[in-house]
Amino acid sequence: MESPWDELTLAFSRTSMFPFFDIAHYLVSLMAMKRQPGAVTVAWKNPFSSWFTAMLHCFGGGILSCILLAEPPVRFLANNTNILLASSIWYIIFFCPCDLVCQAYSFLPVQLLAAGMKEVTRTWKIVGGVTHANSYYKNGWIVMIAIGWARGAGGTIITNFEQLIKGTWKPEADEWLKMSYPSKVTLLGSVMFTFQHTKHLAISKHNLMFFYTVFLVATKITMMLTETSTVSFAPFEDALGRMLFGCHQRFSPRVKKNETKSNGTGSSTSKPTADASDKLKKKHSKKTE
Amino acid sequence: MESPWDELTLAFSRTSMFPFFDIAHYLVSLMAMKRQPGAVTVAWKNPFSSWFTAMLHCFGGGILSCILLAEPPVRFLANNTNILLASSIWYIIFFCPCDLVCQAYSFLPVQLLAAGMKEVTRTWKIVGGVTHANSYYKNGWIVMIAIGWARGAGGTIITNFEQLIKGTWKPEADEWLKMSYPSKVTLLGSVMFTFQHTKHLAISKHNLMFFYTVFLVATKITMMLTETSTVSFAPFEDALGRMLFGCHQRFSPRVKKNETKSNGTGSSTSKPTADASDKLKKKHSKKTE
Amino acid sequence: MESPWDELTLAFSRTSMFPFFDIAHYLVSLMAMKRQPGAVTVAWKNPFSSWFTAMLHCFGGGILSCILLAEPPVRFLANNTNILLASSIWYIIFFCPCDLVCQAYSFLPVQLLAAGMKEVTRTWKIVGGVTHANSYYKNGWIVMIAIGWARGAGGTIITNFEQLIKGTWKPEADEWLKMSYPSKVTLLGSVMFTFQHTKHLAISKHNLMFFYTVFLVATKITMMLTETSTVSFAPFEDALGRMLFGCHQRFSPRVKKNETKSNGTGSSTSKPTADASDKLKKKHSKKTE
């Protein structure tokens, strides 16, 4: 006999992402794509290339997960309904007369709603990835974490790679020292869901899905309202780092130049400067995962 | 009771590409590879590296199709006969005493014959790709178009990627705004054969193969005789673009600088200049797909 | 009734690589990784990124082999024991107090022992790759050579690719003219084991494994003691080159500039200069495969 709470979380975990949550995910991803320099010009000059990039933005996580598990990367193209939905949203975002969709999207409540719904899909992707990996490797908890993470936040890798191939993006060496907030939070979720799946975490899947989703949505909305691009994990990361790696450890991204310039002085003095420059960098490069 | 016409087209569709059409395809691809700067030097200094690049030129479309369908990319190496044939042609092109093969190839009738036969193989590759994709995804018409296209014209992606890895090619951002002629014509063929396969096009496969091949060969030979690198689809593209995307749409590649310089003036004034610069660029970069 | 010699080589061929030989392989690979510029800084700033790179260094050959055979590239993550072992070695190399491991590794006998044991694993990897490819393609001897080679020396491709993506490595065009010593020697081994597998070489597998391993270990130790980075195959390569490709052929890597500067004079005059500059380059870029 399930409690009302259990029934609520169970019903929540059985919600289908199609069509509304998927629409929100495509909308947010494609609005982020549209804000990239040159995206509109490409859409006018070569709609096919723009459409292809749009599909990578919408389905990138699933594509990466397929590549890692040696499944056909084109499999997402077989789901005609979702492709049609994503293509329609791409079309009306880029070609709607008078830019109506973008004007509507400029209202904060619309952005908050869409972003919140997108975060819900992140949970579903992580869970789907973990479950799918488990069907391949029964006790492969590292694989499960990797695939859950790839599905939840791997889209950026695919889109960055496409830009690298196209010559519109050149990776900076220290970009890889910084793990973005969506990346960290997805990794955390993937670890939790994997340990729940392997019965190392004493919580039911639907309850974990509920709590994790609430956490995601709450932090996302908070970040949008306060105009910060990240919730700082720095205290936890520093503590974990010191515990595992000793006092040299900095998890939080520090600009390499500052470290070099300070010439071995303690991190604390360089911290405010690095934080400020980090915040500036993050404001300028709003990538939505 | 089939008509003589049906018998003709049926017999045509059952022609085996091995060995003569395959030889033509390898010959044209490897002569194009030889014309790339530094290719001969590489062949002398590191024949293995040159041979590997040659195999990518000859089998690139199939490799890309395998990657997209999560089949072993090395599968082409299992076909010992074709590998031996392609390797022999690579060998005699690069190491034949007194460059006999290249001298023979410099005669226009030889080039026309080889190029025409190569275009025939394009049809077979598209059809093979569409059929193969259909065995994976029964109603996945987008997948079928993608795989047909990859097999027919995907080789350039593989060879460009190899050059990118080797550091001998850096993609220019606006290269992706331009779809090459072989790319466009292969996409068109892939769409037609997919719709024929899904019974949306009321024409038999062997008839479509015949007509499409005749179109390919005729346009290719015309382009070689008139020394243009493309048959202009611009009127159709512009019409299609206006219908789907409104009056902003330009399918035809325009040099980005001209668009910026003209500062919002109509495209027509910048068109002659862009066309001329396009022609110059295309003459210098003759890539054969 | 087997002779004592057969029993010896048979017992040798049945030796398990786990755990001691695997430890040696991880140790040598990760010490080479640590010597790369910036590796220690990355480990302190983003241990996760450093750990990921470490796993690519340890399992790169297997990953490449999986990619080529369309098997899940994440499969190596399912082997929890080996991952744990490699991760432990990474941890103690980068975070051991007072750098004890590195100090111990700085003794030449330790380096010789570890390098020798690592070369033993190369044989096992080649044999494993050839056998595995044969299960896919019964008579595909080219595939078998390719997979044996990928497993034995393919790790560098994976790690270079990762650095390319990260922007910490840019390929030079003429790097691909030079095949590194481990690459050449692995290709040789892969060819021999393939021909042994297809019964074209009249020697038993365990005998060939023994002789090839002795050759690898002996040449590796000789190179380390004499501080050269390669055993010169140049005489054999030149002879093979002349036989197959005529008198233009140079297999040995020559700096392109010298060839250009010497303006068509015989290779012999430029050879000492090229050799000296090669030796300088190789001393500076000690990559262990």
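Here the chain labels run A, B and C in written order, and each chain numbers its own residues starting at 1.
As a convention for this text, a residue touches a chain if its C-beta (ideal position, glycine included) is under 8 Å from a C-beta of that chain, and two chains touch if they have at least 3 such contacts.
Bear in mind the structure is a predicted one, so any value in this text is a computation, not a measurement.
J.: Fitting on CA atoms only, what is the rotation between the copies subunit A and subunit C? Please report it in degrees, nearest 5.
T.: A turn of 120 degrees brings the C-alpha atoms of subunit A onto subunit C.
J.: With over half of the numbers shared counting as same, classify the subunit A/subunit B interface as same or different.
T.: Here the answer is different, because the shared fraction of interface numbers falls below one half.
J.: Where the centres are mean C-alpha positions, what is the separation of subunit A from subunit B, in Å?
T.: Computed value for the inter-centroid distance: 37 Å.
J.: I need the residues of subunit A touching at least two other chains; which ones are they?
T.: Within subunit A, the residues that touch at least two other chains are 70.
J.: In the complex of these two chains, what residues of subunit A are touching subunit B?
T.: 38, 41-42, 44-49, 66, 70-75, 77-78, 80, 83, 95, 97, 165-168
J.: In the complex formed with subunit C, which residues of subunit A make contact?
T.: Going by the criterion above, the answer is residues 67-70, 136-137, 139-143, 146-147, 161, 164, 170-173, 175-179, 241, 244-246, 248-251, 253-254, 256, 259.
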